[in-house]
Amino acid sequence: MSRSSASSSPFVVSASTESRGATGSNGHTAAKPSQLGVAVIGCGYWGPNLLRNFHESRDTKLVGVADLNPDRLAWARGLYPHITATSSADELISDPRVDAVAIATPVNTHYELAMRAVRAGKHVLVEKPLCHRSDLARELIEEADKRKVTLMVDHTFIYTPAVRKIKQLIKDGDLGQIYYYDSARINLGLVQSDVNVLWDLAVHDLSIIQFLFNETPQAVSATGMRHISGRPETIAYLTLHYGSGLIAHCHVNWLSPVKVRRTLIGGTRKMVVYDDVEPSEKLRIYDTGVKVGPHGDAREGHPDYRLRIDYRKGDISIPHLEGKEALKLEVEHFVESIRSGKPPLSGGQEGLQLIRTLEAASQSLFLKGQPIPL
Amino acid sequence: MSRSSASSSPFVVSASTESRGATGSNGHTAAKPSQLGVAVIGCGYWGPNLLRNFHESRDTKLVGVADLNPDRLAWARGLYPHITATSSADELISDPRVDAVAIATPVNTHYELAMRAVRAGKHVLVEKPLCHRSDLARELIEEADKRKVTLMVDHTFIYTPAVRKIKQLIKDGDLGQIYYYDSARINLGLVQSDVNVLWDLAVHDLSIIQFLFNETPQAVSATGMRHISGRPETIAYLTLHYGSGLIAHCHVNWLSPVKVRRTLIGGTRKMVVYDDVEPSEKLRIYDTGVKVGPHGDAREGHPDYRLRIDYRKGDISIPHLEGKEALKLEVEHFVESIRSGKPPLSGGQEGLQLIRTLEAASQSLFLKGQPIPL
Amino acid sequence: MSRSSASSSPFVVSASTESRGATGSNGHTAAKPSQLGVAVIGCGYWGPNLLRNFHESRDTKLVGVADLNPDRLAWARGLYPHITATSSADELISDPRVDAVAIATPVNTHYELAMRAVRAGKHVLVEKPLCHRSDLARELIEEADKRKVTLMVDHTFIYTPAVRKIKQLIKDGDLGQIYYYDSARINLGLVQSDVNVLWDLAVHDLSIIQFLFNETPQAVSATGMRHISGRPETIAYLTLHYGSGLIAHCHVNWLSPVKVRRTLIGGTRKMVVYDDVEPSEKLRIYDTGVKVGPHGDAREGHPDYRLRIDYRKGDISIPHLEGKEALKLEVEHFVESIRSGKPPLSGGQEGLQLIRTLEAASQSLFLKGQPIPL
Amino acid sequence: MSRSSASSSPFVVSASTESRGATGSNGHTAAKPSQLGVAVIGCGYWGPNLLRNFHESRDTKLVGVADLNPDRLAWARGLYPHITATSSADELISDPRVDAVAIATPVNTHYELAMRAVRAGKHVLVEKPLCHRSDLARELIEEADKRKVTLMVDHTFIYTPAVRKIKQLIKDGDLGQIYYYDSARINLGLVQSDVNVLWDLAVHDLSIIQFLFNETPQAVSATGMRHISGRPETIAYLTLHYGSGLIAHCHVNWLSPVKVRRTLIGGTRKMVVYDDVEPSEKLRIYDTGVKVGPHGDAREGHPDYRLRIDYRKGDISIPHLEGKEALKLEVEHFVESIRSGKPPLSGGQEGLQLIRTLEAASQSLFLKGQPIPL
């Protein structure tokens, strides 16, 4: 039935076909000397994606998975009969076949598990955010440096073709000087118990902003609201002030009837709209902007009395982006970083800076928008 | 060529046809005794809409228009040869045929012109916002009360069928308790010289919020940025905190490559998306929300460990709305208020409250988000 | 309230403002020697657009309007007090101030009115289609040639910036060889009594195809259905076969709940999607296609066993188009043709060819798709 | 990263997670007595979906897969190590553990493989269309009846929640009498070598129409074009005429730059738009239509001279549909049909009727639209 399929997402079938194809050609054979032994801790929502990618990568050998929930272990065994499935994280951390550990557990458990793995001399990939406190993040970084192991945070978005393309546009000066970064990341989402919506969703934007602009915010202001008793903020608005004049804003919401994943990036030359809900046309580049001119008529009542400014509306271009899965590229980068010993794009330092921003944001949130310097 | 027209907006032709039809049947005849004599001051961007509506209404008789710009007067004469077109506002204000004055000039001129008209015993309709300072707004209100004339602000949106429908949904309890009001009002807009983007665009949301919820904010927090030297803020974010637990946020931007006019209203029962860019399907009512349940499995690693909460996804309904022009309904309400002597829905007091909110917002904007109590 | 207006169509206000501006500067003064005197016959749906454009053009002087319906005349008088408004078409046709006559009456009256005007030595612009029978169209053409007057058909779409742009793309070879022209022109439309939906809607596509490809179809096949007793076909499908291998298809429907105005043009190099419902992004140019390659694996069961063909998915470009009204450009072309004596782009011959196609299509419709050679 | 995932299709992850979850609980254990042994022949594009669903169903036990391509077998082994993977279809057909055979090979091989399986006393599920000739389809039906085995065709769409919902609306009379069924099924698709685009894509609409209306077409007319030498038609238009006055039209195209899967169903009461590209809002029900009234003014020139007909524009409703995979429901129905011995919804007779329609359509295609009676 192929692309005339009832599924509106042809990528489902084809992608998995392709990937499993890769699987077929390496998956179930013994690890080649070059392969990195990997264990995944936490098999909840994100874990399965890590399992699949480490399983399919030619550079890694999936050794085991740990989870406290027997159902999840049974599920993992069903799909990966050849790997160790255990309720003990330590069993994997101490396993000599394991060179690297990927952690996909609740945020407040990241530090302890990551530290154990680092101390055991394992390379570590931690789901975002790195952990729930900046002081603990610093400890992790120091320990990793001491042990000479790679500590990387799973900032998935910076490995997407879309964000890579935006980065290139900025680098090439196509957008000119950046006016603003504005993002809405809302839908009917999983209201979490341990962290508020900023730590769950805005962290994606913070990692993208960090990657795109290499600039640390001077201050943050955040507002939001708790809508469910005993739960952290379900809706929040975050503004980041930068020295360069850039302003960034993130609107995150777990209680939206519609799913929106739209980022606007305005520059003096061009502007970009990045709509991540779009299956293929994720980026639109607008040759649009304003030009401040000397002419115009400011007499009261003149139809153009407000118009000392020219508006430029030009073509729109939608670049074709390859359909590669971000996590696949990320796993490649993780392996590369371990082999080269070079710091990864989303290393401990990057993870730390995000946590510091999130801590300041949560403080501002509590103070109803009071700006917090960084 | 009819509705298979090259125009993508069939309403253009038909609407104007219909309206001019009305014109034909009353426009150029002498005022009937029942008709209210109206003069329009300011023939820039919004003025022409006022002229057209007062010209077409059976309840009003367009007497004259004033503008400092000769081109605008020539334009007005071409379209309304029978009315007085003058560069002197006072000529109209003192004209005995004029019962009411509509003001559509730059914001910083509203107070002076409105005050002159009120003192001359004329009823006044002022383009939003009422004026640029709350103390002056108070003076206007007092003077109008003393003179027993109607003072109304042109809060156009509260007269739109879409906002009327939302009001009814809230009144009927269909949405349940309101969680949030979230609005994005962005496009490549006319950067103004006298007021920042909050005073130009957010004022619309403030008037809608005021109309829908009848609740005064306790505090506001605003952030934003100036992007053009010598101009006020071109992009801004405004959060309003309410005692009821409601949170409202407005995102306004004069430098967006795309035009967005979307408002989300989340309630415990249903949620509404109001997309004003949609030509006909402006409202979508989502039978969607969350239910906090006792069950669920919170064990770490469980796929649903975050899910003590149930998600409800139901039908979506798009109500049919009549295509009436808001300004037409507003003119009817203006006439009605004058005749009944009852305070209009968007009277001086409503206008004042908005200005007070905007003043606090501008203060917070200057203080990078510092919350300002009201 | 400006572009933050309640109206979702900012073009309404600005466009009419601009145009009336033009009005103001020429409308009500006496005709300049260079101006062409024009009368409009028929003031129903399309007539008002003709009135407005002839009124606003600097090259034409609107002299009068004729309609059998007193209400329509009253309406016209209200808007254009200075022109002759009469129930007698002949009064205008014989008026010496009238150099040209524009006809916007029901199709089955076109021939008689146009012939009278031509015989009176007037230039004529007839709403599409030229008339309801090809033999009568031939008579009109001969008479116009004899009288040396311009006979032009109101094929509005070929004067739109969008169609002009497509024409240029084809001319420049950007699309390569054309595979197909596929159009859907459907909505809840005015079911007519005198002509079926092909004559009302498909005629637009026929005029566009004629303009774009300069090729006469070899045969047509049409199917459709009558849904309302005593009315002609309300839905129809028309296929045009061409010698070059091009195939064209038009889907027209008066009973669709949604308005669709989408045309696909597929070429060997690029493909165009022309969506006329889009307010601004009417054209999308896809750098997409197929390449027939020698490689590929045709073994049964091979995942790519169907794939001896390569698929190319490249960037999409959305060209900026000026917002000019087609009818305005058309009026300019009409005047130009009269002055130069050169045949207009949409002259009698073009109108005749369309009628011949429509006659064949109606015949095929009656024969349930039987192909009719041309 | 959960639903804040880089993927725009959260369903990918969750769906497969859920389904594999099911797997985990039954997949790799021995067949329960109640389980049906199933073999899949053909592991190309559609085969993997059959494998997954038979693997995950609690009612079936996946026994083996056959494919001539070693790479595909390697891929299958990688994912389903416990099943037989062979290049010999007969090995599986003769396997006593196999109760039913699913065939997903090129159309021109369906008959031979299905016949062998039926003769071996196996129940058979064949990918659409049943086979490439109606006479052979009749043989299959007779043989299956003789052997008392279930012969079912994979008409996937009639098992989708969307089509089920439309069926119910029609049954309940919500749509009134049906005016038309109009479908566009176009995208940049796999140009096949053995069958034209009608047999590949229109077959889906034919199966939906058959399911919804239980009416056999009286005649068909089809037009189309070959664009790639040595390949069958890549674009085609098919009209079906019915006795009830219903008209159905399918537009299919393998060379479209955009993917469209939209079906309009117009009725006297309501109308439905079924957009299968929409991830969740697949159905829109319009309370829209026409009412033929006695009033109206038919005088020439009257603005409403065409309007003896009233237009009704009401609310739009978007029903919530469960996200179940159609193939899953179809597999359940296949098992059910085998157990009950009752003819399936898409049995041999249904498959035969579609082939007869496709044969007539191909004939009409060759005759450039000539209607072919059925």
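Here are some notes:
In order of appearance the chains are A, B, C and D, and numbering begins at 1 in each one.
The definition used in the following text is that a contact is a pair of C-beta atoms (placed from the backbone, for glycine too) under 8 Å apart; a residue touches a chain by one contact, two chains touch by 3 or more.
As the structure is a computational prediction, the values presented were derived from the model and not from experiment.
Traced through touching neighbours, the fewest hops from subunit A to subunit C number 1. Chain centres here are C-alpha means, and the one lying farthest from subunit A is C. Computed centre separation for the pair subunit A/subunit B is 39 angstrom, with centres defined by C-alpha atoms. Each chain gets a centre from the mean of its Cα atoms; for subunit B and subunit D, those two points are 50 Å apart. Residue positions 17, 21, 45, 71, 190, 303, 313 of subunit D each touch two or more of the other chains.
Residues 42-45, 47, 67-69, 71-72, 105-106, 109, 179-180, 182, 184, 186, 188, 190-193, 219, 221, 223-225, 227-229, 234-235, 237, 239, 241, 245, 247, 249, 251, 253, 255-258, 264, 266, 271, 273, 284, 286, 288-290, 292, 297-303, 305-309, 311, 313, 364, 367-371 of subunit B are the ones that touch subunit A when the two sit in their complex. On the subunit D side of its complex with subunit B, the touching residues are 17, 21, 281, 287, 303, 313-320.
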